[in-house]
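Below, chain A partners chain B and then partners chain C, in two separate complexes.
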Partner chain A sequence: MITWANFVSQLFNGLALGALLALISSGLTIIYGTLGVLNLAHGAMFMLGGYAGYMAYEATGSYVVALIGGAVFLLVVGILLERVVIRHFYHRPHEDQLLVTFGIAIVIVEAVRFFFSSLSKTVPAPSLLSGITPLGFMFYPTYRLALVGIVAVALLALFLMLFRTRLGMIVRAGIEDSVMVDSLGINVQRVFMVVFGIGAMAAGFAGIVNAPVVALTPDVGEAILVQTFVVVVIGGVGSFTGAILGGLIAGEIISITSMINPGYAYVVLFAAMTLVLMVRPQGLLGTKGRE
Partner chain B sequence: MRDRKYDMGSNGRRDFMRLGLGVAGGLALPTAFIKEAFAQDKPPIGTWPAGSQGDSVFIGITVPRTGTYAVQGEDELKGYELAVQHINEGHPLIKAISPKTKKGVLGKTVKYGVADSAAKPNDAIQAQQRFISDNKAILMTGSTSSAVAVALNKLAQREKVLYVTGISGSNDTTGKDCVRYGFRQNFYGETAANALGPVLLKAFGKNKKAAFMTPDYTYGHTVTKSMNDYLTKNGGWTMVTNQVSPLGAPDYSSYLTNIANSGAEFLINVNWGHDAVLSTKQAKQFGLLPKMKLVIPYQIPFLAPEVGADVTEGVYAATDFWWTLEDKFPLAKQFVDEFRKKYNYSPEWGAENAYMSFALWADAVENAGSFYPPDVIKSYETPRKINSVVGEVEWRAADHQLIRPVIIVQGKKPSAMRNKEDFWDVMEIVPGASVMQKPDAFGCNLGSYT
Partner chain C sequence: MSTGTARAIPPPTRLREPATLRQRPFFVETILALVLIAVPLVLPYLGSAPNTVNRILVWGLFGIGFDILFGYTGLLSFGQSALYGTGGFVAAYLLTRAGFPYVILALVIGTIAAAAVGYLVGLIALKRTGIYFAMITVAIAEVFYFVEFNPLSEWTGGENGLPGVPTPSIPLGFTTLHFSTGWSLYPFLAVVYFLGIVLALRIVRSPVGTIFRAIRENPLRAAAVGHNIHSYKVAAFVIAAAYAGLAGGLLGVMQGFMPPEAFTFDTSGQLVIQTAIGGRGTLFGPLLGAGVWLFLQDFLQGTLKLGAAWKLVLGLVFVLLVVFLHNGIIGGLKSLYQHVRGRANGDTVAIDTIDADAARTSAREPHFRRDVPAFSGPILKATGLSKHYGGVIANADIDFSVNRGELRGIIGPNGAGKSTFFKMLTCEVSPTSGSITFEGRDITGMSVTDVCQLGLTKSYQVNQLFNRLTVRENVAIAALAALRGKLKLDMLRKMANVPGLVDQVEHTLELVNLTGRRDTPVSQLAYGEKRRLEVGLALASSPTLLLLDEPLAGMSPSERVETVKLLKSIAQGRTMIIIDHDMDSLFELAERVTVLQEGRVLVEGTPEEIKGNAKVQEAYLGGVHEGLGDTAEAVS
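Moving on to the complex of A and B:
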């Protein structure tokens, strides 16, 4: 099965999966880096994004509206969650934060199941991007190629926001030392709210972009959450660029291993994570001493 | 969870002391009383007689309501619920299958509890153990994964509480992992392969190349083996690749890329539940379908509406039941009508299997005239023809597998569908006995009654 065509196809698969993981993980990592909250509801946000996009698509028939509408919806959900629940947990032990976000995830997943049932939902790819693209040596689903581009644009937007705006500067400063930022007179609380909203939006946006690739079910976020954590650990906790690098590495590991023996895809992924933890505990692009 | 453990610990000590008292008390009993108890020749076993002393009996149901098999689990559950309702009211449909039934089972109302197994053996076992200890369940059921069915088989034999499988397609369930306390109504890998194989060879000819997609557990491996064995031995087909994936895989692109590069002409998808939906949809995205011909050896309830009739058009599948059998079997019509009346859709085969499993259990108990498990088992094992929604069936005593037909269906063209549920044409009703292996061929050893 190891042929040149198969190898290149798997590289593409890895790129598409990696791009998606990078986007979701970037949301998780900036939330953890800034707020110090390990958000186990991140997978649920990914799933909810898909359903929000599905609803928007059903109402309008437009993929673009689904993309924007779903993302904005998740931004609002993220902000509300932070205001109502998460902010009461900043000063509580990590165990409490894990439990509360885990609880939120269950509530969201089961609420979606209640309203939409477990039967899968479909968001079709826009007609311009559906079909198969011949790449000479192989055929590849056009939408998956487009997905890499869409995610790249989203990541670029996030990058510009984080590295070229005042808000981004505060966020990055918050990741390094939130107490100091607070004592400088900056309203850290409001920044936290925005960061949580943007983190949720990143996951939600990934959920919508991914919707035409999968069949949406309430459980779609569960499996991706585990991979996302692996990505964050490999890339470095709190590191935006680390999340992108980690995502691409994880995507390629899963795909290339699958070419040789799919049964070992996750074994190799976790082995890679273990290796990183042993050799460079802070992650590939993480900073030492950061929690 | 931690608190619970501690509780159990203190209970354990208390139970131990109680046990000590009980033993001491037992020793002090007059020997005449002991003799009388043994004279009945039925010492307590499992939850008997405690579970059937009141005016009701309890069934523990574990079906997946979350995860990869959730959709199929819900359908299955509806079949169980309808059967319990019919048993308790002495409905004519139940009476047609179990003629001795009046109301309830041996006059006792049937009650049940439901737990979500998420298709995980551990979850199912924990829930059933609770049903046994808290509710004195006299019957366990539910599975939409053979991994769960095999685990509950073992629990049933250990606890001496009867178990009727839910959906379970593995050869092992009534093969190497069969037990005296377990019974299976539905078709399985070997019967599916032997029924579907000839149809495939007739339609497509010999010496074809097939790619398999196999979920990585007992169901997947045995169904793939049976199907591949049939096609290679009888038709000279070749398995060019077998893509084994974990249950609940989030993406199939890597597997499908391997298949795209394998030169296969047929995609034989053994994946099940949402895995089947996702892998089939993505196979279409990658252009594998309709270039390759799709084959579904073990039908997945709701696959067609989820992937679309354009994908299932022309696809051959083996199944337990399809609602249009109502045109052929009067009991099927009655069942489909009753189900539709209650749930507003036509039942899939998971619901049919669930309904039939309970109806057959009621028949076995009524014929035994007792809830004493060894008597009920012997009643199951006594040869007799029983009416079912797919004609006459009978139990095979040697491995507790029901001898029942396998239904071969083919996906309809979207334009030929008479209504929105009319996805499949029934092509053949293959008699069960002709497609079953010998009872000991898969290493079945049922074990003891007591």
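Moving on to the complex of A and C:
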């Protein structure tokens, strides 16, 4: 039975999912925009973030430590991955980049499965944010409201980093014309390393924030990766604002369709993506000619 | 072929495939047949389970189509499970719930269904290229999985799949061949795989297969020489879909049960991994990769008792393979073989010097001649042509016309808008305003492919070649567009049987003096040779109007002298427009010269008039009056 309160509650769910997708997709899109590498291990980063947060929480019992510790861990993982593997692939064809990041995703997922088994783990929401909040006409889980806030802060931080710092300026310039940035005497290597780290951290951070909402299994990254791709196709590759817009659209589509019939969530999402491809192939906020 | 030339023309060697496939006729097919026959005689004694062998064959068949898509056409799809599942479930549904009795016919229907779905999916996914294509195919795979589980679970059995898929039997009149499971089913699968390979070999050796590889190597140039690459990509996608659908149907037959896992993303992933492990662009790579994958899985799980960790180990193996062995096991073996044999691919003739005089005397009439429509006036006429990039004005209000048979030069300082002007004439970029008329037809807003088909093409300032293909294959790709039109799906025709192709290719190679290098891969050519091949690609489509964007760029002085001779010989009976910074050469070649400056036509006239023109001298030298010919080099 679809009630008014039910509908609004799904709108909120869509907002929460949309915010998460926006954060994950911005990570994916700045990595692609700057390095030219589509990271198929991005979903695995999301999953790994959840597990890192779980470990930190188990050790300390603190949600805040889990949040910060997990994010820092993913930053380190991202930087290591870039140094050890990804940097050897900048001059190889796109297909090789896809293959190697796909392989990395498998290794990470299977390694997590090896150490933690396939059984799901749970991270409880912090006591301050647990329970439900009365919104006048309905009740809504407090943590999901908080999730939107936390992710919004993270997106703001990413925005400030991109649009208010020297690094961000280089990243944005690199998205426009990486050859030019290279020839301006900027240490592109170090920028690449940091960007990959930050991108991984964005996905990982989303994974930690999401951990109290869902059951954590080694496979949570795969579904998220697919949704992230749809977000990027809808929003446009290399566009930060496109990732946010696309994330919110995808989140609401999944959420509202699920209310009517969960089986059709992906069908409608895919239909939306197809529509965008037909009407505006470069994505809603994408630039023509950027592949 | 035309006769009547004194010079001995090299026998038109057959246009064949790369070194892997360059064998005696049916060599590959014969070896494969022998191996497939030997397998059930040998492997049981080595303790191989027949079901593993059968699964390898099904994966191998699935991979043949995928390799045509990925290895040959360069399109990496992560969505093949959607088509595998479609073919499989259509066939399995017919054979179980619908009570359809004919197994083989059901497999065929499943294949056709997968191809039809593949066509629709391909139209969507191929809206974009590169990483977009990969992302869209991932999304497609996921959507099909959800559709199978939810909206269509009435038909597909949802998470239970479809049990009770029968095995095939073939009535022969006097007896009936029954195939059940294990080694009994093997002959059926082996025959299907064999036929799959035979068909795929025909496809990759056909003109269509050659164009697939052209798309993989350089899609922009493949379009510019006159191929409708979007349609060819869709064709490759449909071929891959058909193979996937057939393999999916065989999966159900093999297991007696159509599992819903056929639709999972993991299935797509496993196919990609197996193809990469075995070696892409080889047709047999997926089979080999599947063998490695499934035997390792059995070994790690069974013998080493690793349990679920087997996938972790295989993942690591895969990553290491991608990092260190670019082209998989077959690619690795191939380079090892070449290393041991101590020979580079192709011939190792020293760089031949240009013999333009010989080229001129031997220049025969090309086999292919375009029909020229009746029109009067100039062959090319641009009116009020402008191009703005945001606030930057690249070209402003250019009026320009060239008469048939003319050799026009275009000069201008760097940034004068020469290359943008060329790109507009060949319709690579559309003008902001103005119109272009070619042979009396308005071509404004047409695609570069269509314009090339009309007989207007150009050679590029920066080489745009098909790097991993040979010189001859490069020229053939351009010639095919002229001889076959922008789209023709003659997938079963041999390259050597395309009327006029051998002649057109040999003629073009002679014109650009690369006859002695015909089997050399482009990556091994010297710079000057690549430059000539660049011109050759444009010439191979027998254009009525040929544009050359800085044909002399980057050449040594002696190379320039000889290339000028070459261009003179090419110019006979053609209309050409040449951009170059080498004014000595250009003034020697061109009958009239147009000078561009800051996106506008500054002046137009004979070389003599231009040399003496004060405005031109000012444009180049900023008012310092000197003999232009002496200082042009310093400017360029």
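Following the convention adopted for this analysis, the second predicted complex is superposed on the first by the 290 of 291 C-alpha atoms of A that agree within 3 Å, B and C clash if a C-alpha of one lies under 4 Å from a C-alpha of the other, contacts with A are read in each partner's own complex, and residues count from 1 in each chain.
Here is the rule we go by: a residue touches a chain if its C-beta (ideal position, glycine included) is under 8 Å from a C-beta of that chain, and two chains touch if they have at least 3 such contacts.
Quick caveat: nothing in here was measured; it's all calculated off a predicted structure.
Engineer: So, on chain A, is it clash or fit between chain B and chain C?
Structural biologist: Once both complexes are aligned on chain A, chain B and chain C clash.
Engineer: In the superposed arrangement, does A:16 touch chain B (first), chain C (second), both or neither?
Structural biologist: first
Engineer: Is A:214 contacted by the first partner chain B, the second partner chain C, both or neither?
Structural biologist: Touch status of A:214: first partner only.
Engineer: Per the contact definition in the header, classify A:230: touching chain B only (first), chain C only (second), both, or neither.
Structural biologist: After superposing on A, A:230 lies in contact with chain C but is clear of chain B.
Engineer: In the superposed arrangement, does A:6 touch chain B (first), chain C (second), both or neither?
Structural biologist: first
Engineer: If we overlay the two complexes on their shared chain A, which of chain B and chain C does A:68 touch? Say first, second, both or neither.
Structural biologist: A:68: touches no partner chain.
Engineer: Between chain B (first) and chain C (second), which, if any, makes contact with A:96: first, second, both or neither?
Structural biologist: So A:96 only meets chain C here.
Engineer: Which holds for A:264: it touches chain B only (first), chain C only (second), both, or neither?
Structural biologist: So A:264 only meets chain C here.
Engineer: For A:169 in the superposed arrangement: first (chain B), second (chain C), both or neither?
Structural biologist: It touches nothing on chain B or chain C.
Engineer: With the two complexes superposed on chain A, say which partner A:145 touches: chain B (first), chain C (second), both, or neither.
Structural biologist: In the superposition, A:145 contacts neither chain B nor chain C.
Engineer: Could you tell me which stretches of chain A are touched by chain B in one complex and by chain C in the other?
Structural biologist: 113, 118, 223, 262-263, 265-266
Engineer: Tell me, which parts of chain A touch chain B in their complex?
Structural biologist: 1, 3, 5-6, 9-10, 13, 16-17, 109, 113, 117-120, 122, 132, 138-141, 143-144, 213-215, 217-220, 223-224, 227, 254-255, 258-259, 262-263, 265-266
Engineer: Of all residues in chain A, which touch chain C in the complex?
Structural biologist: Going by the criterion above, the answer is residues 32, 38, 85, 88, 92, 94-96, 98-100, 102-104, 106-107, 110-111, 113-114, 118, 222-223, 225-226, 229-230, 232-233, 237, 261-267, 269-270, 273-274, 277-278, 281, 291.
Engineer: Can you list the residues on chain B that touch chain A in the complex?
Structural biologist: 65-68, 70-71, 74, 216, 241, 243-246, 248-251, 253-255, 257-258, 260-262, 274, 277-278, 281-282, 285-287, 302, 305-307
Engineer: Per the contact definition, I'd like the list of chain C residues that touch chain A in the complex.
Structural biologist: Checking each residue of chain C against chain A gives 70, 74, 76, 78, 124, 127-132, 134-136, 138-140, 142-143, 146-147, 149-151, 265, 269, 272-273, 276, 308-309, 311-312, 314-316, 318-319, 322-323, 326.
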